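Take a look at the structure set out below.
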Amino acid sequence: MAEFDPKIVAFVCNWCTYAGADLTGTSRMKYSPQVSVIRFPCTGRIDFMLLLKAFAGGADGVIVSGCHPNDCHYSSGNFHARRRWIVFRGLLDFLGIDVRRVRFSWVSAAEGAKWAQLVNETVEQVRVLGPHRAYQRLRGLGVG
Amino acid sequence: MKTGFYPGCSMKGSAREYSESLLAVARELGRELPEVPDWNCCGATAAHNLDRDLALALPARILAAAERQGMAEVLVPCAACYSRLSVTRHELLEDEELRRRISALVAADYRGSARVLNIIEWLEAVPDLEARVRAPFARKVACYYGCLLVRPAGIVKFDRPEDPQSLDRLMRRLGAEPIDWAFKTECCGAGFSVSRTDLVAELSGRILEDAVSRGAEAVIVACPMCHLNLDMRRPNIEKRAGRKFRIPVIYVTQAVGLAMGLKTKALGLQRHKVSPSALLAPASVQPAAGATSASGDSPAGAGSPAGERRP
Amino acid sequence: MEALRNKARELLAAGTVKVVIGYGRGSGGAARAVFIRDAARSGALIYDDSCRQNLAVYLMKPEVRRLGKAALVASPATLRTVLQLAAENQVPEGGLLLLAPAGGEVAVLAELSAVEARVAAQDQDLGRAEREELARYEAMTLEQRRDFWQEQFARCIKCYACRAACPLCYCARCTVECNQPQWIPVPAHDLGNLEWNVMRAMHLAGRCVDCGDCSRACPAGIPLHLLNRRLIAVVRESFAVQAGRSAKSDNALSTFKPDDPEDFIR
Amino acid sequence: MARIGVFVCHCGENISATVDVARVASEAAKIPGVVHSVDYKYMCSDPGQQLVKAAIQEKGLTGVVVAACSPRMHEPTFRRACAEAGLNPFLCEMANIREHCSWVHEKGEATTHKAIDIVRTLVAKVKKNRALQPIKVPVTKTALVLGGGIAGIQAALDIANAGHKVILVEKEPSIGGHMSQLSETFPTLDCSQCILTPRMVEVAQHPNITLHSYSELEGLDGFIGNFKARIRRKARSLDEKLCTGCGLCTQKCPLRRIPSEFDAGLGLRPAIYVPFPQAVPNKPVIDREHCTYYRTGKCRLCEKVCPTQAIRFDQPDEIVEADVGAVVVATGFDIKHADFFPEYGYGKYKDVIDGLQFERLASASGPTLGEIRRPSDGKVPETVAFIACAGSRDPAKGIEYCSKICCMYTAKHAMLYRHKVHHGRPVVFYMDIRAGGKMYEEFVRRAMEEDGVQYVRGRVSRIYERGGKLVVKGADTLLGARPVELEADLVVLATAGVAQPGAEDLAQRLHVSYDAHRFYAEAHPKLRPVETNTAGIFLAGACQAPKDIPESVAQASGAAAKVGALFSQSELVREPLIAVVDRQAPPVYSSCSGCFLCQGACPYQAIKREEIRGRDGQLIKTVAKVNPGLCQGCGTCVALCRSKSIDIQGYSHEQVYSEVLALLNRGERDG
């Protein structure tokens, strides 16, 4: 097919972004089907290793999204996650892995439109970046 | 930073005095205002009623020409043109696909880099305005903004749409005393000037009535259409109201010119239907707050001979 | 060196410590770790430029702990390591004596607060040389850095010497040994090596005191210390936090500030 | 070997309209471990649930995946169905192929393919699920009610009458809220004080209710059934036990001209004051901001005249701790004031007032003792303009919603004005009349037809002062949009109802979410209006959205019923989705290496240190231990632990790891 359709995995927190995505659904807003969601209790629960596993599994892009600061259902999970991502992005960039393929955001339970926009924007950005060849060329893929 | 100047049709026609006074003030301030080369009509009120693409293409072509000249901002004194150019820039920056289509239509790559300035923003930016005032404009004035200068609020984003203050602040810097009134942005009848002059007479009449009742000695405007209705339609207003209104209507650039001591001829003050001679008489001793009579009448012809440079 | 030997003999004779962990002459002129338990043999201790290894790593080995209270010959890096280990509840207060050689003298540090005072005298940030080296890699393009590291990691044989050499890698069971799920692929192929090195660097973020033993231990000569220094720089610039400066400081990743920088989140 | 059942729902055609449900079922059947895969029109219906139960029993399923709507909707439904069929409820997962798939994508291959991906992801997860037993937690049978308006009062009384202890916290010196400021209430025009004061007294005298007035919630920790509240009792500067409420101090206080908050700024009060005559508790409070003593150290007149020496100038705030099992938030609302409106003069015209101010003018205990007089010159207004939708339904002002009660109280205001000023001319400028309650439409009709209130349908564009009169420029859209200019003596703005100032601070202290207008978010707009997403915290009244008194009272009783249900069991059953630290047989005992970085990160202080000792009492190692009562299952510790020694049930390492690989079609080979 002419255009490259990126595969994107979204790690989202149950209380805000997952509920926001539900709202996008109940509002019948349309967005790209290239993104699938994995539910976590909180962004604090998202292990950086899982992002590596997503790329190793063939994902071209990753979205990580949860409650806005101060809105976390568990009060501080998103703050810990934010610190983790600051360090992790510094490492990935240093290792030559393109951090533009990992999109971090805060989407609340009331922001259905923002979820649709986040998905579409990320799909377009990753479509421009093309398939994650650098990662897929790594020998040893498929053993998982 | 290079500032371009888009005069538009009225500044070359019925509102020549607005252009004359602007260029006189610009020369005095030592700020050159190169015209946008090969400019065309902005579409005013007609274009967007007929065809959306036409209404966007006309201003886009003007702004693209300005950008080619490296103009970072374009001064658009006429409120109608200002509104059309601002709306176009806003819509084309919001919608990439539309920007590409309109650029192709006018065969010029419109980027949207040039900012659109109105006359008040341009005058506000003069840092030493107070220092250049030789003859303070010590009069009670009614600052009339009209509708297009502050609306559509979401796009133009200039001053407070319901109760603007920028022209009032500017006039205070010239020594004037703006009155607190509720007709700043009430409609003057705008485009009905020809087709429904009776409506203009009623609406503009109300504006003048309120200004005069609060002791204003002059109405300050920043839009040729407002000036047209408040000044040139004065006979219709007076016939409908059954009374005389002597209050003169002048452009903000003319007020600035007078305060800077420029010659009335250079400011085109002689072109108005309602003679602004009352304003040319030397201000009475104490500041004009209510000093002169409510209607600001003075026998025709009195006051200093036109053309003499103020001390 | 003499002062060190006398102090060791004195401590062992008095029984204040059961073992003195220090450096001794190894084969081929190299220095190696020695564990002196008999006062008479403290003559074997040496301290010169060849003594580079961070002996704190032995504090974490069960076999050494069983020997009882120890005195440890400590280089500046070892002092920082002991503070970081204390911050992670691995070194009980008073459970350790530190012998810090300086010039001809040997300072005996018993309380962690004394160690903190001594470490405070060290310069606080990465040295100019380390900064410049980092800057050289950061100036590369993304592709250049990717190719550089892929070429480096291609030489990794997953021997985990870097883990064994690092005093802060003291986990009873390392994630590498998990197979349900298999977090790190066992074989030493491109993917396995990359994921191992990313995990190792992340697990040292906000903890590594830059002693450099990981690079020295690596048989393939991979500049692992660069990864750790990069994260030291990121943690310092983003959170103004530094490892190994206090016995009570919280780890950079287990605490937060409400106004941590988040310009990349939109 | 896993024996998984997959049930794909059509959801009528909400899913089948864009997703080929039959193909999803057939593809799911090919996944290793899936032994039963069907699709059905309405999975959540009884026959649908029956399909699940039958399959569990006939095929001995060890796991169920229902591919339908969001787990936030029907996860409890299907987990209960599985439990009834004998399968542990936590071995049932939902694949969200409606909100996250069929509703948001066009019909086509990509949409069906995505639905299959989602099902495969959840099948992989369910294979790693473990049977879990719910946690039993004790319940403290005391309720905390925040806010002493009519909603808070009703909730407190209902809970107390159900035999439970209640702690009622009110920010103002007296309970009563906005209702106590009203003159008469629609639609029956009975006097607000007459129906409210008995309830306020009942609260004061109820043995089960502890009232903390002039107090605010400092903090709330813990979780459902086991909250620990810290309440700050702001210093009233007098000893409440000694004070008899005689009011001598309020009469003698030299400062008389402080604008009274209760009278919405129209009336004045002294520095030591009781907000209104029927205040409960009827004890004064010293306003330290204005009182001379606190500014210059002089005066102390109230102390001299006090017959029982109750004045305590240096009385400090007091923090009261309380264990509570549930919280009802009834903190009420606020309204926009005249200064919010540029077109109505930014509040510079004294005779342009808001609804509450008119209530005070009309109220017998108000500054004008019930006579309608102009705040500027005290004259009785001949013509009064009432402007409905002032700020509400106005996106340009950021308030798109309708404030629901203004049409009714505007009609009431016009009626009261006519009753007090017979020759007066009330004119109401409105857009639409919303009188949907019982007897509401009849009430407004009466205002129009019997009390001669003139209704002009059109918005007011501007108000300005001319010759001592207020010129109201509007339009009459029912008479061909004819411009209307009315010279009024008084203008009453029915301003928008908005959230209390500081509403979001309280929400963050309670971990309750709120919407863009800072109204508190209910768990489900239709089905769970009085609950929040935070278990054990309930909502009542206008803090959730603008509403009238009948609705606030109904919500308050609803919230009280929820609290009653919660307190009806001695123990609370909690979802076992909590963290657990690895434990192994000796000699290892646990893979935890005791660094305790997790302990610092836990927001609920749920991680303790456990010393493991050998039989000889020798300390072998100190490892982490999770207190199941406190852990709320956020999982932050799990992602922080370097050696993966702590895991969380329901979102374990194995579960999420297998989800990621299954989503990308790289699942493991085994079944």
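Read from first to last, the chains carry the letters A, B, C and D; within each, the first residue is number 1.
Here, contacts are C-beta pairs under 8 Å (C-beta built on N, C-alpha and C of every residue); 3 or more make two chains touch, one makes a residue touch a chain.
From a predicted model like this one, the values you see are computed outputs, not experimental measurements.
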Most contacts overall join chains A-D
Chain A-chain B separation of Cα centroids, rounded to whole Å: 52
Distance between the CA centroids of chain A and chain D (whole Å) is 31
Euclidean distance of C-alpha centroids - chain B vs chain C, Å: 73
Can you pull out the residues of chain B that are in contact with at least two other chains? none
Going by the touch rule set out above, which residues of chain A reach two or more other chains? 48, 70, 76, 80, 84, 144
Residues of chain C touching 2+ other chains? 175, 183, 253-255
Taking all chains into account, which pairs touch? A-C, A-D, B-D, C-D
Sites on chain B touched by chain D in the complex: 153-154, 160-163, 181-182, 186, 210, 213
Contacting residues of chain C [partner chain D, same complex]: 88-90, 170-175, 178, 180-181, 183, 203, 250-251, 253-255
In the complex, the residues of chain A that touch chain D are 5, 7, 9, 14-16, 18-19, 21-22, 24-26, 28-31, 33-34, 36-42, 44-48, 50, 53-54, 57-59, 70-77, 80-81, 84, 108-110, 116, 142, 144
Seen from chain A, its contact residues with chain C in the complex are 48-49, 52, 56, 69-70, 76, 79-80, 82-99, 104-106, 134, 138-141, 143-144
Residues of chain D touching chain A in their complex? 70-72, 96, 98-101, 103-106, 110-111, 113-114, 117-118, 121, 508, 511, 513, 515-516, 521, 533-534, 577, 601, 603-604, 632-636, 638-640, 648, 650-651, 653, 656-657, 659-661, 663-666, 668
